[in-house]
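Let me give you the structure first, and then I'll get to my questions.
Lettered A, B and C in written order, each chain numbered from 1.
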């Protein structure tokens, strides 16, 4: 009975683990045992970008939180056991389409964004006091430190550069065909997960291991402090442009109450001919202003390719909370390019080594 | 408090504005504050068409009301404010697929119908006593007079010809990337909306404005009478077959209780080389027969292209209401072509200037 | 009143007719009058296959029951009448995508699996004491004897060979554009259905009848015993590889309480040049082990093509029931090929006339 409750608590806690040390505004309905919960985010934003070549105004989706609709359920089986499922589909509110996914962790497995798929998550779970076994498609463990330290939660024009510019390939954010294990709660603040995912190619071919990989993350939370380290590796056949991809990163945050600070360091390597290595940094601050939030982020991401191209980004945002569900938000971002980098904002094109500015003004409704 | 209730009433009223002066049979569940409502229509129909070339029997979807499934939610924020979302996906009940949408208001943005997308509507709204701000994909304002005066609600073989034959291009019915504003209720019967939508092309190209446009509609309701005028304009690069598209129309209805009359006038212009102009008329009558409905529509749509091709259509329908949710219906339509027009019915092909007949027999369930 | 209840009971019974004489583990929520029910299955499985050429490990979906999500509703209209709808979408839990469907019962109508469609079922129904009229996409009647006698319910590595190897073409399992009629319950144990479906091609062409077909099934249940015969026919233009497809089969089961036996015989014919005929057998046993199940199946499917290729399959499975919703399962299968057949298991390739082994270990959650 008590262990059963623990297992259910584990589910809630594990579900929330990716938002554990960076605040997000996403309000999701409660997880009720043995029932199905409908949840989602509706986020649409008017974005303007100006670069040295072009400027652009667009309506787009997910400026504050990733627009989505999902169903999830959990059954408390008693004796410390629980089982559940999770389906979560991205939604492009500007056009009514879905968001592209990937079926085999390789470029060849990219799916069309025309319609709705459970591209964000599709998992079946078995949970007991030893942790959670999770089968399906989900975030990779080495992704989580990118969203956890980002005050903008990797959404909208403010997204930190280590996410925007990531060279870490098809499994940079999510992987399909995954067997995952997550530590249970109640380990003195420790949390972690381990994943193995498959490209599912025929064997006896040069690319038979492409899309196979593993990822892991371990962290510790205590009161206002949290820290996590993660690493992931995915196999790809070595070519001029591709090869095994390895990522390692660390993220941490401290909540001083009057503001919350987060920081991250990122290292991504593509074992192509020649090898390319990228290094990134992110620093975030969230200042509660009454019921609202002021957000600040500085980040940098650059590679050792010829010229050492790099982009530095400054983002400033304000989130006005009508309620926990309903918010309006405004974001300003400035990106500076060097070494041949030509990162633009909100669809505007900018020349190498020139800067770009971007503005978001949006509405978000969570259900 | 009172203003909050007004805002919520505004949502319901605004949602219903497109069915305000022509009767439709669609029963949708109530909108409840701060919750999510599942709604939909399941409509399948056996249709037979006979033209001078071929005849055809088919099972198809949406003979009486557009088959769909959707989720919507609204939160009353107090002080006259409310926020909400709306997701609505077309369903082809004959095959289980979805219905095609469009991501950029241009031919290039057409999406596959293979699967389910929120092609009918995907919006986020902020509502106060000054009206509703609506972001996303939705009907264009200049579409509404085509469905409002049609006793067949633009569904099935009976659909009026100004809808079937419309030359008004990708934004004829809906637009993506839209910022819309809708007047609040309580303006002495006045209602209206204004929309701006974007094609989101790179600038500095000849087609950079393609898919950009605006649309507006203003109307007045008083007791049994309603009238609305609308106009819309979408930019496209001028070619032999395409160019800016402008639509203007007016619709009105009067409910005499023993029957309801509606009428519409439509003018669509494509600024191609040479320019093509289309003119349309529609007249509708709905006669309540106990709990049931007898429907009659006459319509015409023709262009000034060589030969002045035009089609005239007569439709007669009966809707048998088992309940508000469940109906059976039968429709007969006859179309007469002239000037080289070759409009067929229910997939049957007919020769230029020949006529065609169509029959529908269907079931509809609303939830 | 009483007849209304009968009609509603009919719906439940008819819905369940495909699982009437072979046990399945799918637990679906109750059908409530005048409401919408959300239901689904989340099933993910680690599968390993070894053939003479390759071996393969994969995470895949639906090893015990077909992963899906659906909505259905029914309104009791009184006086023996009811109306309802059913939408059911396949889900690939390993990747978050959907499952491919078919819009016209021909190879040309295959749809993409990238996203979610209602590929499993999309129907509108009218039900009275004389039976059910069902319009849309659904299982073909001649499919049901393949799943009813299979202890593995046609899912996972254990699936009987008459299903895996079926030469019965696009309508082997489901058909679109279908008008179906199902007998009501209360006929002394008799049940049955009759279907007509359409390919919806233009007429006056050599392939105008392609995809048109009909299917029927009649059966009888009494206490522990059930039997059903079915036949279906679909038209296709005769070519070297294709032609009219005819299927006939019979299935039966007897529940001895300490175990349940089922058996099926299958005959499929493709009227190509030259004609190809296939014959299949299946034998199934389910042994309840406390709350769990031990499953055994033997099956064979072979054709009269050159060499008389045939595959024989032995499957052994165990289902551990945490609860009615949540199960874990393990399955072992062995396939033996002869006459040039080269059937592999779980994606592994095997040489003609060589055998293959497959293993499944999975989790299923029903909601």
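In this section, a contact is a pair of C-beta atoms (placed from the backbone, for glycine too) under 8 Å apart; a residue touches a chain by one contact, two chains touch by 3 or more.
If you're wondering where the values come from, they're calculated on a predicted model, not measured in any experiment.
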Query - Same-site or different-site touching of subunit A by its copy subunit C, using the half cut - result: different
Query raised in the report: Given a C-alpha superposition of subunit B onto subunit C, how large is the rotation in degrees, taken in steps of 5?
Result: 120
Query raised in the report: How far is the middle of subunit A from the middle of subunit C, if each middle is the mean of its Cα atoms, in Å?
Result: 38
Query raised in the report: When you check subunit C against every other chain, which residues touch at least two of them?
Result: 98, 112, 114-117
Query raised in the report: Quick one: in the complex, what on subunit A touches subunit C?
Result: 34, 36, 71, 73, 75, 77, 81, 83-85, 87, 89, 98, 101-104, 109, 111-112, 114-126, 133, 135-137, 176-179, 198, 200, 202-204
Report task. Spell out the part of subunit B that touches subunit C in their complex, as residue ranges. Result -> 38, 40, 42-46, 53-59, 69, 91-98, 112, 114-117, 322-323, 325-326, 328, 347, 349, 362-365, 367
